[in-house]
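The chains carry the letters A, B, C, D, E and F, assigned in the order they are written, with residues numbered from 1 in each.
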Amino acid sequence: MTELGVVYRNITRTESHLADQLAHFGSATVHEAMGRVGLLAPYMRPIYAGAQVSGTAVTVLLHPGDNWMMHVVAEQIRPGDIVVAALTSPNTDGFFGDLLATSFQSRGARALVIDAGVRDVKTLTEMRFPVWSKAISSKGTIKATLGSVNIPVVCAGALVHPGDVIVADDDGVVCVPRGVAEATLAAATQREANEGEKRAKLAAGVLGLDMYKMREPLAKAGLRYID
Amino acid sequence: MTELGVVYRNITRTESHLADQLAHFGSATVHEAMGRVGLLAPYMRPIYAGAQVSGTAVTVLLHPGDNWMMHVVAEQIRPGDIVVAALTSPNTDGFFGDLLATSFQSRGARALVIDAGVRDVKTLTEMRFPVWSKAISSKGTIKATLGSVNIPVVCAGALVHPGDVIVADDDGVVCVPRGVAEATLAAATQREANEGEKRAKLAAGVLGLDMYKMREPLAKAGLRYID
Amino acid sequence: MTELGVVYRNITRTESHLADQLAHFGSATVHEAMGRVGLLAPYMRPIYAGAQVSGTAVTVLLHPGDNWMMHVVAEQIRPGDIVVAALTSPNTDGFFGDLLATSFQSRGARALVIDAGVRDVKTLTEMRFPVWSKAISSKGTIKATLGSVNIPVVCAGALVHPGDVIVADDDGVVCVPRGVAEATLAAATQREANEGEKRAKLAAGVLGLDMYKMREPLAKAGLRYID
Amino acid sequence: MTELGVVYRNITRTESHLADQLAHFGSATVHEAMGRVGLLAPYMRPIYAGAQVSGTAVTVLLHPGDNWMMHVVAEQIRPGDIVVAALTSPNTDGFFGDLLATSFQSRGARALVIDAGVRDVKTLTEMRFPVWSKAISSKGTIKATLGSVNIPVVCAGALVHPGDVIVADDDGVVCVPRGVAEATLAAATQREANEGEKRAKLAAGVLGLDMYKMREPLAKAGLRYID
Amino acid sequence: MTELGVVYRNITRTESHLADQLAHFGSATVHEAMGRVGLLAPYMRPIYAGAQVSGTAVTVLLHPGDNWMMHVVAEQIRPGDIVVAALTSPNTDGFFGDLLATSFQSRGARALVIDAGVRDVKTLTEMRFPVWSKAISSKGTIKATLGSVNIPVVCAGALVHPGDVIVADDDGVVCVPRGVAEATLAAATQREANEGEKRAKLAAGVLGLDMYKMREPLAKAGLRYID
Amino acid sequence: MTELGVVYRNITRTESHLADQLAHFGSATVHEAMGRVGLLAPYMRPIYAGAQVSGTAVTVLLHPGDNWMMHVVAEQIRPGDIVVAALTSPNTDGFFGDLLATSFQSRGARALVIDAGVRDVKTLTEMRFPVWSKAISSKGTIKATLGSVNIPVVCAGALVHPGDVIVADDDGVVCVPRGVAEATLAAATQREANEGEKRAKLAAGVLGLDMYKMREPLAKAGLRYID
């Protein structure tokens, strides 16, 4: 059961060499490397284009309109972490702005992923502190109710455990469970190795139909060409 | 009751020194300074990033798919105004484009806030005429039905009276009623005065937990730390 | 009836001199020139700002979560085409990424218009391959079911026949049926001819109320001015 | 400005003979009688079909996920009132259930109109306590923050002052400002007087085209019939 | 191209024995019989449960907030028709109420399918005039702009030609093009013939896995059972 | 990580005496008894009103537009189970109809909870097989891709493990993890014990303000009454 009012201080983070390297591949390749699972809903959008990061998740569960726990989670951040904030019910208020970003950044956080709203996006962009959020909103929040820190959370439809790896870029956000980070890194590396050759062929005009040998299965499935 | 078919020519605008200064603080600070009220819904987004304006509201009520009153409101614009356009029922058509923007700009309008769609956004961006809207759409409109100008309107869920101050930036749009503009400016000034010091502390690694003295109330509320 | 499992190889494209020239006018003017019809829903957004294109439609009908037919349509692309992808039911998965874009671009495609999601948007932006889509999503797809290529499709609420002209820019996407492309080009040319003069007048402070002679019809409709 | 933390005890209610009679006409006729204004957004739906009520508004402004003020507003209810609950930001939690309904009903409330969620809808239906809401949700709320009672609120996009008349049925919810209640009742009565005759004609096969004499204006507008 | 301002008086309706019989099978079976195409978007919901109808489409294209053409289409209705109303841009206003329903019913219309809102739903339910709509709304409309009658329209994402068959029930609305009505009826009849036997087997505890011989293909696809 | 292509045959179900008794309390009370967590999103609605059930979860993960695994999960159903179906990406197709319902019912399933669409709702209602779904849609599905059975899934934003208890009624759906079912039952029983007395007091006109002793904390929070 989702516990409320607790902060887990000792979490097992994915080893940093794994967590760090996954950024390179981007969310789409990593998601494919995992077998096409682990993605957060596509309504999670970056506040500015071009950021591409990975890091270890510290999680926080918030109540609608209440960002008290954002201050609690700040203390649990270690360099290389990405804060993943989930809500107990849908809300678009601005839970996070430039002051919290300054605090998170000084603790070593690489990004925030939040299933709600954020504000001060112009300043966050200048600070180069990337955020993936559901909304941008000036709406302030109160500090009245306890949520939790470093419990498993469902963020934008995806289950995230503290210590998992988060990979985020312009395409979206993916969560790589700690237990499969190594295998995922290997699979992503292999996928990418093939991409250059494929790209060259396609650029030269070779069709995917031929490169992937799809003509036969398409015909078998009944595809008819009509002139 | 919402009157249809009327244009109020004489409205009492917030004094310009108040209306002008509020831009500096941005929508989030102003919204906080007012006690966390007055915000338009977060679906109102700027057509380009980086604009930050304030001005006095002239309002217009439109029918879905009909922009006739946009020409009527143009005449009521004075330098320093921001046009606030509300609709009688939800619609995303493009009520405003580069020609109307040229007219609005020549009358001294600083921006448009519209709970509907706009078009010609590339040209509007080049003109640096900022617009906050619900949608971007090429869909043209007709000129057939009377709405009203300078009556109180509900725009994106917020009540706006003609003459109120509108503050808009990348975070959203807030309406400051005329009667509280002075107090809001004072409160916003005070809020900002404290921000520099706070930011420096947070950047130096001081936690919000300590800076805001939250540890005791959190403990009182029952927060448990688990190692 | 919508046929499944067929590929029409011979389609009649709008003459290229018509298809090419329409880009210049942009989606809003073209849509007006057609009598305010033909627009795709405004949720279709460009993955990067500033692209403005036109071209002849090759169409593809896809099933949710299955991009097999994207490889089939690639073979049917000729230089100057724009691929229009419709779905049999709503879906936001990423049907298209940098490899397919490389293939499409090498075949001469100018753009993709897809009523679903795409990914690798950073790379697509670097390649300057413009896409108008409903979503951006890392979510991968399978290759299991037959759709069709070059049948009439309903894409984002608009009917598109293969060979029609697609015009797309920051304001949205419009479909110009082949049979009216010539008349639309003429009408758009004429509309634009008048715009410069209008813009100059409006910039000089002339009101639309006077320029368009609206005062009398507004009065007739009952508009009252209140001082 | 929207005041927070206040309860206005003395409000001027529309006279009960006006407030009571408007129910008879239903929301559509009343909305037309007012000149097609005053409607709440159509996402406000009744929790059961068939209820048709009117009454005087007592208003309450709530924060997301916090129903403390629902207990405060209960005390301000007088027989014949309808509670109108607005939120400071969008939220679908269940702010109201059978216990509050028992309390409201014992105070003489006729209905609840709430721009959020409610629960215990099976029991509410058995109690015949009608509710128009944005959502149905089991999600409970906290009691931590002050809103206000009997201030003007924007509920589902419509401005409601305490003491206004609310008319609600299966078609939706309309707010009749106190100052126009009498005129609206008169106009609604007149509208309905004509309906019986019209209905009889239409049932007999007379076309609206003829009954409303639309053929000439349609022809003037350019309608062409093609055989 | 979508023509505006025209009424086609002579349309070729699907033969009534075909149009009438399809109701029996319901929208799901008919949609399957057609090869899983032709469905309107699932946001189209009946105003009351239990109606199941089919009939020949007469189509009407409306502008947002304007129901003038509903009176024009009324004259084109023949017994056995179903009116299909599409919009030029999304809108939820109430375009249709009890008076128009009386008129439509007296002309022999069996139902209305409208990609917008309707009102007077309590009376429509008492009249047993079924409507499938996107919304229910008291919002009235104006009569100012020309649309068209009996042109091909895109309604809720589906292409409908005048004379096609519409099948609608609690599951949704499907459009059967005139040219495939006969084949669809035959296919639907055959599908249903098998259903009784299947249902009996499943009720007796036979698994679909066995009845449809799925175990082998599942194993081939790699399904693993873990104890 | 979410495994694809696996079926767990041996799951540990919550003891039936616990799973069975929770239905009595309904989703709102159970959700409160758990500390206000565990709810599925409120867009999950029953296909007919009045059903109130509880049972042990068997889970299935489906791909958009593909219901193959629904046949696989059928075999894993035991009397007293409720099938919980999650999707890998959002989709509203009709994954379930009367044939599958016959099979599920014959295996002893009490209900289906599915984050997608269903069809044949009239027949399902007649069979009294309750379903909570995101949509109703005639849209058929294919049988081409492997998902999984009895893995942990995120359904409508809530994490569900196989063997957990599902409680569903007109207010929504809540998941009670197996490990807290007993404590939740105890807490729910206690909550309900107090409700009768409270209801009697409120019905007699006692205010919640007094019954819950809220006047003092409200005053402390700063609530002002204005006459």
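What we mean here is this: a contact is a pair of C-beta atoms (placed from the backbone, for glycine too) under 8 Å apart; a residue touches a chain by one contact, two chains touch by 3 or more.
Just so we're clear, the structure is a prediction, and the values are computed from it rather than from any experiment.
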| item | value |
| --- | --- |
| Mutual neighbours - chains that touch chain B and chain F alike | A, C, D, E |
| Same or different residue numbers at the chain E/chain F copy interface, by half rule | different |
| Inter-centroid spacing, chain E versus chain C (mean Cα positions, whole Å) | 28 |
| Chain D and chain E, separation of their C-alpha mean positions in angstrom | 31 |
| Multi-chain contact residues (two or more partners), chain D | 36, 39, 88-90, 92, 137, 139, 145 |
| Chain-to-chain touches, reported pairwise for every pair that qualifies | A-B, A-C, A-D, A-F, B-C, B-D, B-E, C-E, C-F, D-E, D-F, E-F |
| In the complex, chain F residues that touch chain D | 26-28, 31-32, 36, 39, 42, 45, 49-50, 52, 169-172, 174, 195, 198-199, 202-205, 207-209, 212, 214, 218, 221-227 |
| Chain E-touching residues of chain B, taken from the complex the two chains share | 63-66, 88-93, 137, 139, 142, 144-145 |
| List of chain B residues in touch with chain C within their complex | 5-10, 68, 70-72, 74-75, 92, 94, 97-100, 102-103, 105-107, 117, 119-122, 125, 135-140, 143, 145-146 |
| Residues on chain F engaged by chain A in the complex (per definition of touch) | 1-2, 4, 34-39, 41, 88-90, 152, 154, 157-159, 176-177, 179-180 |
